[in-house]
């Protein structure tokens, strides 16, 4: 694993836990963690037996088959392409890259590798929440019918505090983008994943509400925030259906509200990550006097991923998506079936993000997504 | 109408409004309101053209067909029996009386009157909330199947404040009982109404949490609270099914939470008066992966009473039950069909209350309801 | 009252009920209702003693002081201007008019009339829901602090059914606009009312999802829908704050979801008309471990309008806003204080709607609101 | 670890995960798992390197310091007492034993062991949900003030299906009791833990709704259910406060609803395990117009246990309580401080259960808890 921050902890828990709950076709072994500083302590905490400070060491090792990239986005392309070319399967955190160009290069590398049975996957982990997977299955099964409209948002509030510090996430050259790329990307991916439809064009505005933030350790000094912290946009899918999106780090009181609502002529589904064990489903074909949103507790063995976990009514948390992701990734590798989302899927989201930025620079004009 | 307090306002609004929304078989005319003090102001406020200070005047009038009794419980029996004997149809607020004996006398008078086409009805208005009426219909249609258990409660918190004043509601000789008779009676009636089952025996405890309260207008003087403010009891229906009940005026933060949950082998329904436009329904016969509580917004024209009101999604409030009650009462009178709940139904609830008090006095022992 | 449809019923209930609950400075008398067809039946049902078929009759009568206009939008301007010029106070349903030009003419007439003590008011009734009035008060009192972002939507689903009939609401020449003007106008007004801020520019897209609808009574014939049924737009307030809006008649399962969320640096408030007795409030200044959205049941006597109604915990419904509106309108007239929203306020919303339509025709480009 | 069923999996995940998130004073090593049949497969799945078929082997080993007992209740006493006498620290799943006598013996053994620095703990894991721990802290800090009443229930529905099979949980000699001991015990412990008060007497009824169940693998054969599946009871705390309890396996649609509500003169708290990341808090000292239940998302680093896990808004699940329990148990051992709940605490709950059974056998009469 390359990287050892918040995502490093989450991915480690996934690698450690998945084999204990799923019957995997091969048991992954946690071998080596890479980081430039403080990696010994991280290895100890996260449970990795070996460490390195240069990711090239990991790629050079013959006994390592899988590279898991959890670094900031500016290093994804270089590492992933090198790993794929070295014949390693690659799991890479989203956003796939900081620019559409890098993402395209990664997708090309992944396509070449796949031809040799080496697979790459983008870490849109929220596809692995049982409720979102159920939503996808229900839409695919026609439960919402023909889709009329889509609403997706990802709302957080950790920048509401004007004293929230200046970090790598505040800087476009490191983070690529702000709320749009960090959390808006999840909303876009989830909307496309659940509906099975692709966005064709977008119109929107991105905004930096707080333009300067205090630099930690340098009292009185402020850094220029060069990323957005609020993104409002609409999208039109290839089939003409409209969707509305919001990504915000200023939505006071909303901590991690990735929300999706899909409305169709036979029903609707609604999801909120702050209530992740539930999926709301409206069956517009039921007798009128019994219609309403059904709050499905997605903890039955019949639900996606759940049979491996606990009995009905025993809740899953944030981290379970990472174990479910390991299950799907390892299964894809062993069975030689491309796991999804592929790097191409990740790159497509990157193109959506680019188109939104273009639209915002162009007075919110509708902008075709280049793909 | 006899009485002009809170219930007087609610009933007045029902009489005034019902003919404007329902196509009634006869249009009631608000004629005379009776009260011992301040009745002129009340008549003006509540919209009654004539006043009297003695209820006997109302009964003596030939041009009055209906007597609506909204006084405290200690006067119900005398007025209602006199009115029925005078050939007036009677609507009487719950609890029907302060004792089971009075209630029985009223039920007998009502039975005699009914034989002559004169009808009496008990004001358990919460049967007329569209959601509770829908619940009853759904249970009757087998939507919950064989009932396994029932849970009912009525939670308020207006006595949480130790300085809440000493009133007629604090005194057993005036109010008959406290939380048990005032709000527990609603929980009992609703549980029996929705399930279509009758309680056969009870076990419970009634408690006075705050035993003295300040007498308004007499600084430093306190009155002895002689009624309960918390009642916890279980009941067994005639068919053996168990139910649990709570009536509380000390449930901090709950303002008017009349709740009912009925669990059966095919489903469940749940209601809360603080959310009165909705009924929760669990369909245990649905595919497992789609099961959950469906939040039915009971505002469709197909729902009980609703067609007379507003379009779907336009909420009804507390007072609409009183208009719906007028509809049912007037319809019963004109069509010469006994409206429900009858005085016999009201008296049965009174017997349940008596049995609970007996059980409480007897160490919570299971006590058969005398009926 | 001119008009006798759904809004006629709602306004009638307001006029009839307000004097029974509020201590009004003058008691309004329901005198005359005007409609071209079927007006006798409506008068009987809605409780009006006299009828007319031409609105000019109402304006010509000396004993009529107030004209309440509840007709479709295409007739508002002519009636309202004539009524104001005849010295009648005017309450006019929203949207104020079908075009910004008409609305401006009405606002001018209202300004002239106000100089003579004759007042006009726009019927944005949802300002009179206690919870929205509380929201406004709390924002004004600084409870959310400096506002960072606003989200408002009005979601319905009655056009989800492709067989929903072709009506006057389907036709731009009669209805003025579709979801945008009918319900989007409420979202705009509520967002401006609660925040106390005015929109300066907008960017958005309006869409007609179902383009033909069956003409009632003419089997096999379909009419062209010339109004929008989905509107997605963003707005920027004069102070630079961004807001996102949606108005939809295709939001499956949402019946009447007028929603508003205002996020600031000290807190947030959230409202949903489907849950109208509650206001959600997030206090970001509370101790961190106790922060969360507080679900305020807006039924206390301390809350706006509520003291006139029922005890705490007894829910109000849709129609109560119309009584509250009568209270404010009559009070304004008698005390000679301009009631709000004025016709100028109504016209401003009309300009926002026009700017959204312009933006939509112009590729969603940001468009300055002409005011 | 002795046992390898559902609880075996949960405890294993706790032992494996706790050291990866908490800074423990000593790192536990998962060494040996014991089971009579199929233990090799379980060891492989659950991640234990060694196995045994007799629990005495575990106790005999010098390199094992901790015994974790997750077998059915009938074997708890023998194993736990032997382990304590052998100087092993013991974590034992609830209910502590199948009878109060066994539990008392275990508590005595634990008291003797504690004198030598060897500790025992009862596995009431739901004390370790951050929201319940927060509830306890808030009650202790006076946030609800003087407690007026308590309501606790544990509702499940897995026996609603009449074809649910006959298992060890159906038999009193193996399971000790049914809904009462299995889930009612949690409700009792949680109510006592959060309030800091102890029950002194109880009154209640336990019931077996379905009296025969099909024996798996023996078509047509049915076993007699000798345990309860519904328990309704009231309790009185030592300070006189009343509480109402329900434990049900027939509450259709409720999968794992351990609920607690504590009402006091300064506020209230409410919890539901089906919504485990949240705690509802009503502050009755707030300005009246802002009062309401605050939905605290218990995911802030300031909340109990949470700092070790994920950032705010990233939800925890059922299993996290087991890691939190390991943290507290290991910390207690290393720091030589008795971890809670002790075996004495577990035995006290057992006495409450016994008193309820006595009351039920005695017509629901109020019964003093022998302790």
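Order as written gives the chain letters A, B, C and D; numbering starts at 1 within each chain.
What we mean here is this: a contact is a pair of C-beta atoms (placed from the backbone, for glycine too) under 8 Å apart; a residue touches a chain by one contact, two chains touch by 3 or more.
What you see is a predicted model, and the numbers here were worked out from it, not measured in a lab.
Across B-C and B-D, it is B-D that has more C-beta pairs touching.
Most remote from chain D, judged by the distance between CA-atom centroids, is C.
In terms of their C-alpha centroids, the spacing between chain B and chain D amounts to 40 Å. Each chain gets a centre from the mean of its Cα atoms; for chain A and chain B, those two points are 53 Å apart. Chain B and chain C have Cα centroids lying 36 Å from one another.
Each of the following residues of chain A touches two or more other chains: 291-293, 297. Taken together, the chain C residues at the contact with chain D in this complex read 134, 138, 278, 281, 283, 288-297, 300, 302-303.
Contact residues of chain D toward chain A in the complex are 6, 10, 12-13, 16-17, 20, 45-47, 156, 158, 254-257, 273-274, 276, 297, 299, 310-320. Considering their complex, residues 144, 148-149, 151, 157, 160-162, 203-205, 207, 209, 230, 232, 234, 242, 244, 246, 248, 250-253, 261, 263-265, 267-268, 282, 284, 291-293, 363-366 of chain D touch chain B.
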